Amino acid sequence: MRILLINPNSSPAMTRTIADAGKAVAAPGTEIAGCCPSGAPLSIEGHSDGVLAAFHTLKLVDESGPADAYVLACFDDTGVDAVRERVAGPVLGIGEAAMHAATMLACRFSILTSLERSVPILEDNAARYGLAARCRGVHAAKLPVLAFEDGESAYAVLRDAAREVLARDRSDALVLGCGGMAHLAPRLAGELGVPVVEGVACAVKFVESLVSLRLATSKAGGYAYPLVKTALSDGEQHV
Amino acid sequence: MRILLINPNSSPAMTRTIADAGKAVAAPGTEIAGCCPSGAPLSIEGHSDGVLAAFHTLKLVDESGPADAYVLACFDDTGVDAVRERVAGPVLGIGEAAMHAATMLACRFSILTSLERSVPILEDNAARYGLAARCRGVHAAKLPVLAFEDGESAYAVLRDAAREVLARDRSDALVLGCGGMAHLAPRLAGELGVPVVEGVACAVKFVESLVSLRLATSKAGGYAYPLVKTALSDGEQHV
Amino acid sequence: MRILLINPNSSPAMTRTIADAGKAVAAPGTEIAGCCPSGAPLSIEGHSDGVLAAFHTLKLVDESGPADAYVLACFDDTGVDAVRERVAGPVLGIGEAAMHAATMLACRFSILTSLERSVPILEDNAARYGLAARCRGVHAAKLPVLAFEDGESAYAVLRDAAREVLARDRSDALVLGCGGMAHLAPRLAGELGVPVVEGVACAVKFVESLVSLRLATSKAGGYAYPLVKTALSDGEQHV
Amino acid sequence: MRILLINPNSSPAMTRTIADAGKAVAAPGTEIAGCCPSGAPLSIEGHSDGVLAAFHTLKLVDESGPADAYVLACFDDTGVDAVRERVAGPVLGIGEAAMHAATMLACRFSILTSLERSVPILEDNAARYGLAARCRGVHAAKLPVLAFEDGESAYAVLRDAAREVLARDRSDALVLGCGGMAHLAPRLAGELGVPVVEGVACAVKFVESLVSLRLATSKAGGYAYPLVKTALSDGEQHV
Amino acid sequence: MRILLINPNSSPAMTRTIADAGKAVAAPGTEIAGCCPSGAPLSIEGHSDGVLAAFHTLKLVDESGPADAYVLACFDDTGVDAVRERVAGPVLGIGEAAMHAATMLACRFSILTSLERSVPILEDNAARYGLAARCRGVHAAKLPVLAFEDGESAYAVLRDAAREVLARDRSDALVLGCGGMAHLAPRLAGELGVPVVEGVACAVKFVESLVSLRLATSKAGGYAYPLVKTALSDGEQHV
Amino acid sequence: MRILLINPNSSPAMTRTIADAGKAVAAPGTEIAGCCPSGAPLSIEGHSDGVLAAFHTLKLVDESGPADAYVLACFDDTGVDAVRERVAGPVLGIGEAAMHAATMLACRFSILTSLERSVPILEDNAARYGLAARCRGVHAAKLPVLAFEDGESAYAVLRDAAREVLARDRSDALVLGCGGMAHLAPRLAGELGVPVVEGVACAVKFVESLVSLRLATSKAGGYAYPLVKTALSDGEQHV
């Protein structure tokens, strides 16, 4: 089984972190093809970065050859619905994967993401997935996405924020709200005493599951293949 | 990895169907221990059957020796929260497993269960899991739970009901709303042309995933171990 | 009119407290048959206790002879739907009774229960009853259920927690979230200056009302009598 | 105990129907003071009628001398919140009373009202009371409010509409959505085979219950007494 | 185009403030007819004031001659639905206008109103308009409605409350929750650094927009003209 | 005032239709700069088209010189949040504009769009805007987006579908769910007898309103300007 594990931003370090997290949990027969699109922003911090990243992700999917399943490793789940239209295999965003997993393990969870500007995006996603009732809060550690490559000082900020969030929200699980935090989950779980749910690992295992069950993206409704347009545009218009 | 796959009713035939469905999808290293509690109703059709089944399921869990994970194969997910309190490994009901899976594959799904009396239970569950927004309807094939052991005539009723439900709800995936339908999923999928999501298989793969990720039930909140009571009751009271 | 007033746990002292609360408000012609099931946990603190209590409550209902109505005096409303299936007369849980009453008296209410682990259960109930919009918060006094038999020190903890909860939530009514607090309502109301709603009394009066209106549990849908199973199980199965 | 049972419209015949329905169910010691405001519309069919009726109801409440509780017998519950501010005793609308009662008796209910134009009002009320999840539909018999005084032909239309509504919605209880239908409930219940919930009777019994429990409207929040204005306006202004 | 801009309370000073705010933003061809009903309360602080004001507003609308559109300048939007029934042109409350505008400008907004007793009214409105998901909180400056005529000290209280509310709610826009605050919006916007949305100005521009688009209130459903009653009541009834 | 009115797809005919609709309603001092991005799909039918269109729309916005406000004329509102981050002036999608307008005019509205595959997208948008409670249904005329350029036969299909939708949903307003239908609104309104709300016109008037009120996109939260990334990616990665 070949899983295309896409980091939708273009940070090489973060792409490696994410690919490592995926490979660490993949089943013996699973090939994890970690990659990121050229042209995407270095990090995805807000809606505009999300649109740019989704566009380049679609191109990367088209050019990457066949895969049995797809994981999009931006916690905003930017582009997930669009990729679902273009492929047959199951597609999962790490945000939805982590939130689904958290509801299987805990009564209530809190999400800790990087920047405050991502909070409304994740709140909207939680509501759209219908998981808002189980999510007691979305919070920002107030660190940019790429800070988590740095190590110790970012880790300490994250851990302290996590402790405060869990206590204030009275949640019994923590969801890490950024793909760049993937390598920090085991250490955090050890210190926090609650399940720490990290989306890259969850998404890889869940699409492995779906592929092994021969469950694919439905092509009968909103995820049908894109329609081919019968004429080409003659370019930018100003009327 | 040892997964206790419990059919919460006491039908031997249905227990075998469910165990077979689980074994068919388990990973090489996974042992599926299929079982059902003695004393539980022969089928679970409504709230009262659900309470009786949940009680006997708890006893079965206590007596069954250690397992790495637990699947409760009644689509009502009766007893799932209670089992979560009593064990450390992840616990999944087939209802929630199937609904989560369906949201990964399709824009909108419909549930087809056995009897009309189960419809409000499943609607309430979908709402509680927060997945009501994705579920366009819960419907009954108007066949009792055990009818699905019979074969051909029940299959035809189910397939025709499924076709009508998918058309009326404009859904692009079907969720089978009863553990006794587990063996019918592949055949239905072939005829209906949409993903047919069956909870036993999904739940087995998802708890396998969680165990391999070392994710266990949170013991810090509502799923903490039951408190030991310091005194014993002196029996039934009439005041 | 005979009302079976069931304390679903097996604490004799709490059963007496609850029966006294029911008898104190019953109409002249109403007989309150206070009772508790043998075999149930001494107190209901979480989902697992709830399943055990519900099972023994069903047995008690079956063995207790005819009654015109039923009140289940655990604020979690464990077993209420199941009892509704097995009897004809109206059945009310003290949790739902108190929440309905609170919406008749105040714009917004808060619930104060015993332990933190019960909070998600009550939040889910409030949502399922549809009353979450009026409930500004569910909080725990952090005292075990049986502590309220003790008197003064538990009372002071409860009152102080109530004051803090009302101020923080800006609620104009308090709902007592545990049957064991039944005797404390009048005293609390005097000190807090807002309606203090206690479920045992509310439920007794509401089922009296329903009986006098000749309104009984519907047998046409999800509360129809349980189906009789046509074959008996041959006991615990391991497949 | 004195209950002011107000028909907020000014139809004498409907006022008598409502008063009769209230007196038929009142407890021995309860005095039902049936009345209607002069100046209100003859029937309440829409928002504008509702505002006029609410205004005259407030005046009637002020002029009617003390009462222990208040029932407002328009199913739209027009003016209920405003009356709650002006009095101490509990106040109940027949719409909310019937909807609360229906959730105690059935898994799902449908409302059958007079005219289509009232449907969105009742849908909004059901949502605001939080009971929308239990209400499977609000429907109109397409008869004006005063038609129900007429007898046989209106009854037949109502019964046939009820049968269709229950079948289509798969509901197991019917709520009568107009005070003018109060006298038809027992006959309908006999023919339909499900609980038929009528708000006048429910509201009378529920406020009787609240008064006997010494529960009054909270004066600590949104139902506090209206503030006295310190200056009088100098009349209509055109600026 | 003639817009009837109604202050539903009867404060002459506040009527002038509101009319000035409307005139300041009206398009060249728009006549703003500012007015207030005689007989209405001097300020609208709660449900009872709201019913009185709505009644007198309906009379004022009937007597004021034809207008192309109507703005009701009480943030509670009292009487808006009723006026919609009685006229053809579009009708807008300043509460809904401001909330709609805020969702066009910011991810999340908070509402700051005058008194705590208005908070549940505005929360209910936000929910009914469906905008609750975007509104992170409704708060009270704890100043009576008419205080805002006073100037400096009320302004300082409001500004400080706004700062605290924005920080606590992490909102990126402020909605002023009282018509009497209309003149304070520009100054507040300058000091707070976020959009400050004031409903009078928004409502005037939005109804101007609707009139210019020839969009009028629908007369096909719940806003159809009130039905004429075929008989007159013979006055207050006591049965 | 200069409004950039962007058709996010690249159909020249549809861009002209949309620009004409905007110019027809613009105020005297308003310049409507109608345009479409080169490179975008010829029509937007689904998520994948939406991502491509949003990407090219961002580029068009960056290259188009300053504007006072922006309207995005795809009913899916694709890219609206992203454009809000990149500019200061108000930005409105025609989907949200039309839905907000519909709630100002009618109790309940229905949306009629082109293809079934767009239905879940619009349902999700309605829910995210919080307007789902007012929207009784989203339906497809089962015509591709570009069919509406054709004229008579598409018009007849649309009108017949609209009639059926309004009757089935019991809605009192129709929202046209595709920018390509802009020119059909007046004719439909004449035939259907309810308000027909068309988003291009509404959005142009609403952003005109916001600009005239000096209300701009908040830069304090989720719509803050995109962060500048401090390093450039070294291109597509495969790890």
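In this document, chain identifiers A, B, C, D, E and F correspond to the written order of the chains, with residue numbering beginning at 1 in each.
In this text, a contact is a pair of C-beta atoms (placed from the backbone, for glycine too) under 8 Å apart; a residue touches a chain by one contact, two chains touch by 3 or more.
Remember, it's a predicted structure, so these values are computed and weren't measured experimentally.
Under the touch definition stated at the top, subunit A and subunit E share these contacting partners: C, F.
Matching CA atoms, the turn from subunit B to subunit D amounts to 120°, rounded to the nearest 5. Among the remaining chains, F is positioned farthest from subunit C, on the basis of C-alpha centroids.
Homomeric contact subunit B/subunit C: same residue numbering on both sides for over half of the interface positions. Measuring from the averaged C-alpha position of subunit D to that of subunit E gives a distance of 28 Å. Subunit B and subunit F have CA centres that are 42 Å apart. Centres computed as Cα averages put subunit A at a distance of 51 Å from subunit D. Among the residues of subunit B, those in touch with two or more other chains are 107-108, 116, 119-120, 127-128, 133, 170, 221-223. Contact topology of the protein chains: irregular, matching none of line, ring, star or complete.
Chain pairs that touch one another, listed by label: A-B, A-C, A-E, A-F, B-C, B-D, B-F, C-D, C-E, D-E, D-F, E-F. Residue ranges on subunit D touching subunit F, taken from their complex, read 116, 119-120, 127. Residues of subunit D touching subunit C in their complex: 25, 27, 90, 92, 96, 100-101, 103-108, 128-134, 170-173, 186, 193-195, 197, 201-202, 205-206, 208-210, 212-223. Partner subunit B is touched in their complex by these residues of subunit C: 7, 10-12, 15-16, 19, 33-43, 45-52, 54-55, 58, 60, 79, 81-86, 116-121, 124, 127-128, 144, 221-224, 226-227, 229-239.
Every residue of subunit B that touches subunit F in the complex is listed here, in rising order: 107-108, 133, 170.
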